[in-house]
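Dropping the structures in below, format is structure tokens.
In what follows, chain A forms one complex with chain B and a second complex with chain C.
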Partner chain A sequence: MKNSYFPGCNLKTEAKGFEESAIAVSKALDAELVEMPEWNCCGTVQTMTTDNLMRRIAPVRVLSRASKHVKELKDSQNQVTTLCSMCNSTLKIVNAEVKENPNDLEKINFQLENDELIYEGDMEVKHFLEILRDDVGYENIAKKVTNPLEGMNIASYYGCMLLHPDKAKIDDEEMPTVMESIVLSLGAEVVDWPYFKQCCGSYHIVDRDDIVNSQVTKIIRNAKKTGANALIVACPLCAYNLDNQQLEMQGVEKDPIPIFYFTQLMAIAMGLPQKVNHFEDNHINPEPLLKELGLLGKKK
Partner chain B sequence: MSYDYIEFGETEKEFTSKIEEISGQNIFSCYQCGKCSAGCAFSNLMEKTINHTIQLVQLGKKEKVLQSNTHWVCASCLTCTVRCPREIDVAAVMEAIREYTLRYEPETIERLDLPEELLKKIPNIALVGSFRKKSEL
Partner chain C sequence: MRIGVYVCECGKNISATVDTEKVAEYAKSLPNVASSRVYKYMCADPGQEIIKKDIEELKLDKVIVAACSPRMHEPTFRAVIEDKGLNPYTLEIVNIREQVSWVHDDKKKGTKKAKSLVKSSVMRSALMEPLDRKRVGVTHKALVIGAGIAGIQAALDIAGSGYQVTLVEKSSSIGGKMAQLDKTFPTLDCSACILSPKMVEVGRNPNITLIANAEVEQVDGYVGNFKVKIKKRPRYVIEDKCTMCDDCVPVCPVIVHDEYNENLSPRKAIYIAFPQAIPASYIIDPDDCLGIDPLICSKCKDVCGPEAIDFDMKPEIIEDEFGAIVVATGFETYPIENLGEYGAGNIPDVITGLEFERLISPGGPSTGDLRRPSDGKLIKNVVFIHCAGSRDPAKHLPYCSKICCMYSTKQALMFKNEVRDGTAVNFYIDIRTGGKDYEEFYQRAAEEAKVVYIRGKVSELIQDGAEILVKGVNTLTAETVELHADVVVLATGIIPSQGTKDIASVLRLSLGINGFIKEAHPKLKPVETSITGVFVAGCATGPKDIPETVSQAGRAAVRACNIIAQDEIEVEATIAHVDEILCRGCGICVGTCPYSAITLIDTKRFGNIYKVASVNEALCKGCGSCAAACLNSAINQFGFEDKQILAMIQALGEE
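Right, the complex of A and B next:
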């Protein structure tokens, strides 16, 4: 099966390891992510105003082009897959909104006239985690594991955008299980911790890093207290905040723990080539931990 | 302790209905249970709690609402929205207060001077998100 895939801006810059590992994993699991042509920025944050249609044009344009792409792919459902949880939430919310309000969709489509491509409200937006859960299945992930992640205690960090609001959530908002189930199928241990969706401070990193630092401190301290030796995330901004700010605060908080994208751990467990993970982009080098546990270099 | 004389004239009414219009929420649905503030990850940094801000919007106290940092500290994580027992999209109300300032009083917003090394380092989703929430862009 093939999935139309919308990367979003960060997967091409800071989060190359996320994109490449996800594509490699998707191929190995027969749910290939195929990048859609001519995509544009989704706008990152959805507008919560009732009257600002301008901010809804970019996501609708993505959906209209994805709709064209799935027709070309043939072996594909009417859905576009995302990796970044902010893109996921923005596209899902706007998709639901324009389906509910055909008048708004008509106005937005009018703006897309020069594209000669309008959106007919026929697409669904899926996060790659949903594809893994619903289309691939945890048993099939477990079957591909050649390098079980023994010794890893993983705290699954969902962040806010995967679980909020109702229109965008991929799992139960107060008790999600999708990330934990994947971790278990990779042969690692999960930790039960309360900070799985405590906001990391998000875009405040630009001008209020004090807000982000206080959040990151709480999240990391709690993860360590529950025995985690690594965190997994699905959002390049959560990853940056948790990863980089741990290093920034090293004077106060010692022994930083590495942050992985969930697909990076899948690539390691499935014995895929190391280069897809781009660990050189991680701020906290995860390789010492992986070496200590004997998980690196088993199969290249 | 002194109490403000509660006045709800045209000026107050205008502010309240503008916030309701931008957010699409019925602000008077709030019965002050405080669940939004209790679950907020940033309550400790806010000058006024969220439910207090909502009450001030109900009363049309524009100056008090806009002077507080509450809506700027909000990071739109939507925890309050999914937990509100009155099904108010609380985060949308915070967004409406930000939007009100950006649309009608943009001169009150401080311009940021971001160093180049920071701009190079920070992920673009943080920059786009921040500019969309905190500026008229």
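Right, the complex of A and C next:
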């Protein structure tokens, strides 16, 4: 099976390892992510202004192009997959709203005329986590594991965007299980911790890094307190904040713990070539931990 | 035929939007109308006199009143015309207040609509026929279902009036939720001390038959004549023989959770719910016991001196007849498992108000020492969260559960009295102290006992080491608040109990949008239900505190006595009537009737047996569903016959 894949801005710059590992994993699981052509920015926070339809043109354009792409892919469902919580949230909310308000969709489609595009409201937006849960299945992930992640105690970090608001959530907002289930199928231990949806500080990293620092401190301290030796995330921005800010505040917090995008760990467990992970881009090098646990270089 | 039309101004309620003079003038032009008048308040004595005088002087045989809804004054005007010798069912009411003046603002259009409605009623009035009220006999005995404080009070009040009453309770003892409380607000009376005299009186009163460990399975019949099946589960202990010596408990090998202590302590399979339980007898829980079989285990039977244990007891079906029923099936609290933001029951030291009540009770799991459930540490800091699951239409209950502000305040005050150097913090949305001495009680807690009140909601609870991190907001200072607590108490709201839902389906009672039993009128008929002869008391209709429950139980008892004190009662005359010649026995009406008042019976015609529909006159409420559904127009409803309705439609269509 093939999935139309919308990368978004981060995956091509800061988070190359996330994209490459996700694509490698998706191929191994027969749910290949195929990058859609001519994609543009999802619109991010701009789309949250509900009174201005102009702000929704970008996401609707993405949806209509994805719809076209799906038809070309053939062996595919009417869904577009993202790797970023923000893209997932933006596209899902806008998709739901234009489906509810056909008049708005008509106005936006009018603006898309120059691109010879029209969106018919026929797409669903999925985070790759949803594909793994609903289309692939945890048992099929477990079957591909050749290098079980023994010794890893993993705290799954959802952040805020994956679980809120109602229109964009991918799992139960109070008791999500999708990331934990994936961790279990990779042979690692799940850490039960309460800070799984504490906000990482998000875009405040641009102008108020003190807010981000205080959030990250709480999250990392709690993760360590509950026995985690690594964190997995599903969003490039969460990853950046948790990863980079641990180094920034090293004076306070010694022994930083590595932050993985969930597909990076999957790639290790499934024995895929390590170059897809681009660990050189991680701010906290995860290799010492992986080596200590004998998880690197055991198999190729 | 001489019809009198009387148009009411209702002060300005009607006359502001309807030109009443014009309506009366118009009515005079209609066929059969002998008189047409306007008066300021038709329902007042002078208004009634106008009608009476006209009936006498103008020899009227029908009367039409154009005023408010028939639900308000139909009985008033029926009495007026009956007084002057007319049949009360020849009265016709035109609703020009609720259906015209109150819902419109254009006087011209309002007047026009009022005229059409009056015209249609004049057409119907000419076709109305006198009807007879039927009378049925009454069983002088009442049934009360549920024996919490509401049911106990209702049973005592009925018994106190000299009538026989049967009190049915689902669990092994009467007392309900009130028996679990340690103290009551706003006086801090010991709950058991004020409840147990009433419980003892129930056991002692010769007019009360108590059937505990039993449930009402089936109710047939109608007001004055309810036929009830009660299923009594076996107790396996003979009540009269049990001396409550407690010898059986130490030998019982089965240990389970004690429901009376909200599962915070253990009990055995043979047990007594609590020391003051009525009936005063132990009971074996068959689900917990190793098998109610002496071959498997008979340790309790072996040690029982008075030989009170009987493994051969079987379930019993008790059938009886009652004139009236009081439903007092109470409430449950909103399940903590639904509150994901507060740990969904996975944080051991996040407890419910009822659990706290047991913890602080001297008869509770820690014999009154305030020790928390997780590690038994003495509690020093406690946070109370009001409205846990209440006033939250997006995720939980939309309504206010009314008692939580007060019970949290009570618990905080009890805690401060117990632990002088402890802290008690209340997070609230609003403090609602709408009861006698409630505001003073709250002031006492806040000012004298230094209970802390923070206006704002708690967003989440997090297990932080051995303590709980409470994250909330103070909406008065617009600051976020984070503090640590040993125990967090959730003031969970009130929801209808399973028993309330079950009995509502047995009795076919209407339920409101939140699942509570619906009253016949929210203000003026608060204990009456959609079924005549069935009354309701306590939290089965919605959240209530103890004083309100007790008063409501008293009214339910009086209303039940109103019925069982009669030898005969009148039933509605505007009921359905089957024309047996037209009926072809298809049975569509049987399924349509919401009150199960129609059955198919055999009838002999031309020497053959045919099935035809038959209406039970006491059960029929006159809703008209069957008359509308009948494919052969074989069912007519007295007072609303097809020819009358068609005449009205024709009159309205002529505009």
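The definition used in the following text is that the second predicted complex is superposed on the first by the 296 of 300 C-alpha atoms of A that agree within 3 Å, B and C clash if a C-alpha of one lies under 4 Å from a C-alpha of the other, contacts with A are read in each partner's own complex, and residues count from 1 in each chain.
Throughout what follows, contacts are C-beta pairs under 8 Å (C-beta built on N, C-alpha and C of every residue); 3 or more make two chains touch, one makes a residue touch a chain.
Computed from a predicted structure; not experimentally measured.
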Simultaneous placement of chain C and chain B on chain A, clash or fit: clash
Touched chain A residues, chain B compared with chain C: B
Touched partner set for A:275, first chain B, second chain C, both or neither: neither
Touching partner for A:55 - first (chain B), second (chain C), both, neither: first
Contacts of A:173 with chain B and chain C, given as first, second, both or neither: both
Partner chain in contact with A:43 - chain B first, chain C second, else both or neither: first
Partner chain(s) touched by A:68 [first = chain B, second = chain C, both, neither]: neither
Stretch in clash, chain B with chain C, out of 37-45, 73-81, 91-99 or 127-135: 37-45
Residues of chain A at both interfaces, chain B in one complex, chain C in the other: 173
Chain A - residues contacting chain B, complex: 8-10, 13-15, 41, 43-45, 47-52, 55, 84, 86, 160, 163-166, 173, 197-199, 201-208, 211, 214-215, 236-237, 240, 244
Partner chain A, residues of chain B touching it in the complex: 21-24, 41-42, 45, 73, 75-79, 81-82, 89, 91-92, 95-96, 99, 112, 114, 118, 121-130, 132-134
Chain A residues within the chain C interface of the complex: 172-175, 194-195, 222, 225
Residues of chain C that touch chain A when the two form their complex: 340-341, 344, 460, 462-465, 469
